[in-house]
């Protein structure tokens, strides 16, 4: 178990270092549009993706999915290059920060709030139909939980008994709007239950319990081939997007930084974490530098796409 | 109370007589498309609409809304003429059976499953904003309850505390598909509760209790200016549309015909119902005859609409 | 040769496709029918196109859904992206409004956004068209609107052979394809090759050769156009009738070559009067065959209004054979 | 005269409209901002257009919503049908996919289906356009697609005066109007009449008179077109630049009259390459001004692909001033 925890910590740290590097590049004007960093969600994303098998499993994330891409095993260099809009990016710069596609790692993300959730149901259906014992996972935010796409899919997944794990990344906010305003009802876990889903809300402060619960959930979805809903409270350590006014960030008092909690736990077990930290930031600084040196994609690829998709030419 | 019950019985009987007359005309080939009759829902629709005030209140129904139109006070002749596609129809034959618009009676219906529900939220918002003490009511089916439009609106109505009464007409089927298959979770009332709505499931066999509960619900929405959800089990006394194979009708053993129950109750009170029955079928046969004699709308109105809506002419 | 209706041809093609490849699944509302009702009888979809599939291939591959188009169309896209070949039925194309994000933003863009890492062997089957008093929300013809979305393929068969053949091509196309089946054609029978050979997407077909006017049309309007052309022939006017079959990609070559010959273009369509298929073809010809045009290109479409319900209005709203005959004559006098 | 950006002009027009009529409400995501956060600070929408409205008119009339576009757009339609004048913000037009049924089937058809018993004083404000690396789902230009739907009015202002003026006309129009605000223009400042007079829907505007070519365009492309025309003037080529402003209804008269004068048409648009605004205008001109055309009409649009993210690609994807200059020259040499 300690090995697993260290691996998760390592992955989570790498994500944080990656996001920090992206932030630095954004501040320097290298990121062409707005980026939504996943600071605060790293441990969750690392824990989940670590437990998946990219040969059979699929993950679909929201606009805030850099961490999921990395944790799924996509090359940080390619992810960074995609975010920068460079030729070496996952999609040669066609997609960008919100549209990360790493099918070999079974990972994709989405720019439309909630739209990834039905897509994940499709991945679950594939696994079920082909009998791969694979599962699908979708990550979505607390605000996405009010989209028809998400609500319909909860029902559909239950009806078809799809091996689909719903993961609600509850950071308390959608853009500037608090979840306490936008979502009626006792809470979103109870809402999911009402769709016939087994639904679990992670405890917010015992990091090892959280990780264990996640492992159990994944195992249940896989072995019982049915959907399950998991609500994970996570802090929003930055604003909605990197560099926004940031007045609507979440409250780290009620939801402490999971990465900190995990480090404290490892420290208490006398497990060395300093070197891992060192390594991850060195790695990500190098990655960022390399991504920055990647070329802009040549406009010629537009000609290729024009001829692939063209309607009249 | 007995006077009220008799009025409801009267309205419900008129609806049934109307629907039967439509069925007869359809069998004779006079109804141009498919019609969805509301046989089994008459008492519910009559009870609700009877308790509304068309000056301030609004009702939005589904594809199965003939009864709602009548109970709201729309002219049966105009409704029948609309269903037949005649000039004297509510919309001169532009709309048809699924698109009944009687704004003076505060009533409208819809061809897209679930789409009427957000529209009703708008009527509720108008009442609230203008301070009319009006309420809005939306009727929708058990299958509609799985549409994003309906699910989103439950949350929105709760968030904005709209005076909106959700009425789930649960006849156990959507087209050929049983609700037990299509809707996961314990039941749809529990699902509505999870959106923060006070939610009531009507008892299925005590008709006077049902009626009273409906009155209480309407009163609550009005006086407390907040949404409420009411699930009404109703039998599907015909198939999905008039004349379909009908093998997927509901089960009248579990949900008896409310009109029968109401008549039995009135009979037990020694209230004369025979004459009312006589009257309603006489009225509706006359209405049907008159509607049949109404002219086809003149194609010239298309020219008017072409110039109203035209994009380039 | 055998005689099949459009509905039968589609049904047989579905049987063939499912039999040939275990990864083909069919998903939609009531496409099995009677789910949870305890009835053993299958409905086979609102129009009966999917009948018999569940009995043969099982409900694990022929899947009835709740009325949740966003969820199940999205599920189809996600399944196509991960190894299945889904054929999704949206009962009426009018209902695409409720799942339009999945069509416009997800299905249409995934191949591009993934830089071709993901291709979508996905077909969305749906019905279209007016003429049966189904009203404004069950009668639309959205082929033009869909074709304006980059990344989608859009086809509109006018007969049994094309319906089955285009369905087959659609499922092996790397792009998501929307197959629009006209409600008014489901029972139309024609003689066809029982093997139901694939019909390539992007190829129109000259149904009647002619010299005076090029008439481009699709779907149910094809039959009015053919009737009109036959009538006009009696008056010595020969019309070249082209069934475009595919809206996107459009067989621009075939059309412009024909116009190069005739010098005159009439487009007949029951889709949008403004910005629909008719405008697409006219714009294409105006740009590519301008030197050949002897007169202004014309279109015959319904007025720019929703579809009216009353039969008297709906029939008037729809282009008719006499309208087309008149249109051709006007064009020749222009 | 005063100097205002598009964003400021819209904001002031909203203030005026809300002050003048208590039935005007504004609804959307984060349009107040900070709901439930305990923060007194207003965001005023993702682009700041609605800032200050809640402070002045209260949150009963300036309403933040959950991310439920179907529910709140539908709510706006229902409110318009029953006595309010709602202005609904859909943050990006790309998100209209998720609420497209309410736009295509409900808003667009209600007036017709009720036989004019119901009119909809409803405005849907949304943003459009590429150029800021927002990616394929936050950069579309859907004006053509929307205009192809009968029953909708669609306008695309290119400057502050038109933005405010069209918003005012839109709210008093009996039809639902979609106002597409280009993201790249929000901060563009121009001198305008501080009264922000209404601008009629359906009227284009000649920005530059010219004799050689009629150039029709809208929204952000207007500015490229004007630049191109000014450059071309140096070479002695005068281009008549028309800002169509309104997509539906289209000011067909203005355009065809101009083509009657110049004999040449170039449409510049960042919307769909196929079946978009450009094809609409070309088809219209081909039909109505054919005898005046001296050369094939042309269009300059992006390729028929989703919007790419990388700046190097996106800039290339978008029509540019040099593209337009070249387009005019090609047209003159044709």
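In order of appearance the chains are A, B, C and D, and numbering begins at 1 in each one.
Following the convention adopted for this analysis, a contact is a pair of C-beta atoms (placed from the backbone, for glycine too) under 8 Å apart; a residue touches a chain by one contact, two chains touch by 3 or more.
Treat the numbers as computed from the prediction; the structure is a model and nothing was measured.
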Which chains contact both chain B and chain D?
A, C
Can you give me the shortest step count from chain C to chain D, moving only between touching chains?
1
Tell me, please, which chain's centre (mean of its C-alpha atoms) is farthest from the centre of chain D?
B
Determine the centre-to-centre distance between chain B and chain C, using the mean Cα coordinates as centres, and give it in whole Å.
35
Between chain A and chain B, what is the gap in Å from one C-alpha centre to the other?
44
Just the number, please: Cα centre separation of chain A and chain C in whole Å.
39
Which residues does chain C have that touch at least 2 chains other than itself?
65-66, 68, 70-71, 94-95, 97-98, 101-102, 105, 109, 112-113, 136-137, 147, 150-151, 248, 250, 273-275, 284, 303-306
Junction residues of chain A, two or more chains touched
92, 94-95, 99, 110-112, 115, 146-149, 152, 155-156, 159, 181-183, 305, 309-313
How would one label the connectivity among the chains shown: line, ring, star, complete, or other?
complete
Which of the residues in chain A end up touching chain D in this complex?
32-34, 85-86, 89, 92-99, 110-115, 143-144, 146-149, 173-183, 245, 247-248, 296-299, 301-303, 305-306, 309-313
Residue numbers on chain C that touch chain B, as the complex places them
29-30, 33-37, 39, 41, 43, 46, 64-68, 70-71, 94-95, 97-98, 132-138, 273-275, 303-306, 308-313, 316-317
Taking the complex as given, what residues does chain A use to touch chain C?
58, 60, 90-92, 94-95, 99, 101-104, 106, 108, 110-112, 115, 117-130, 136, 148-149, 152-153, 155-156, 159-160, 305, 308-313
As the complex stands, chain B meets chain A at residues 146-149, 151-152, 154-156, 158-159, 181-186, 190-191, 193-197
Please give the residue numbers of chain C that touch chain A in the complex, ascending.
23, 25, 60-61, 63, 65-66, 68, 70-84, 86, 101-102, 105-106, 109-118, 147, 150-151, 175, 248-250, 252, 284
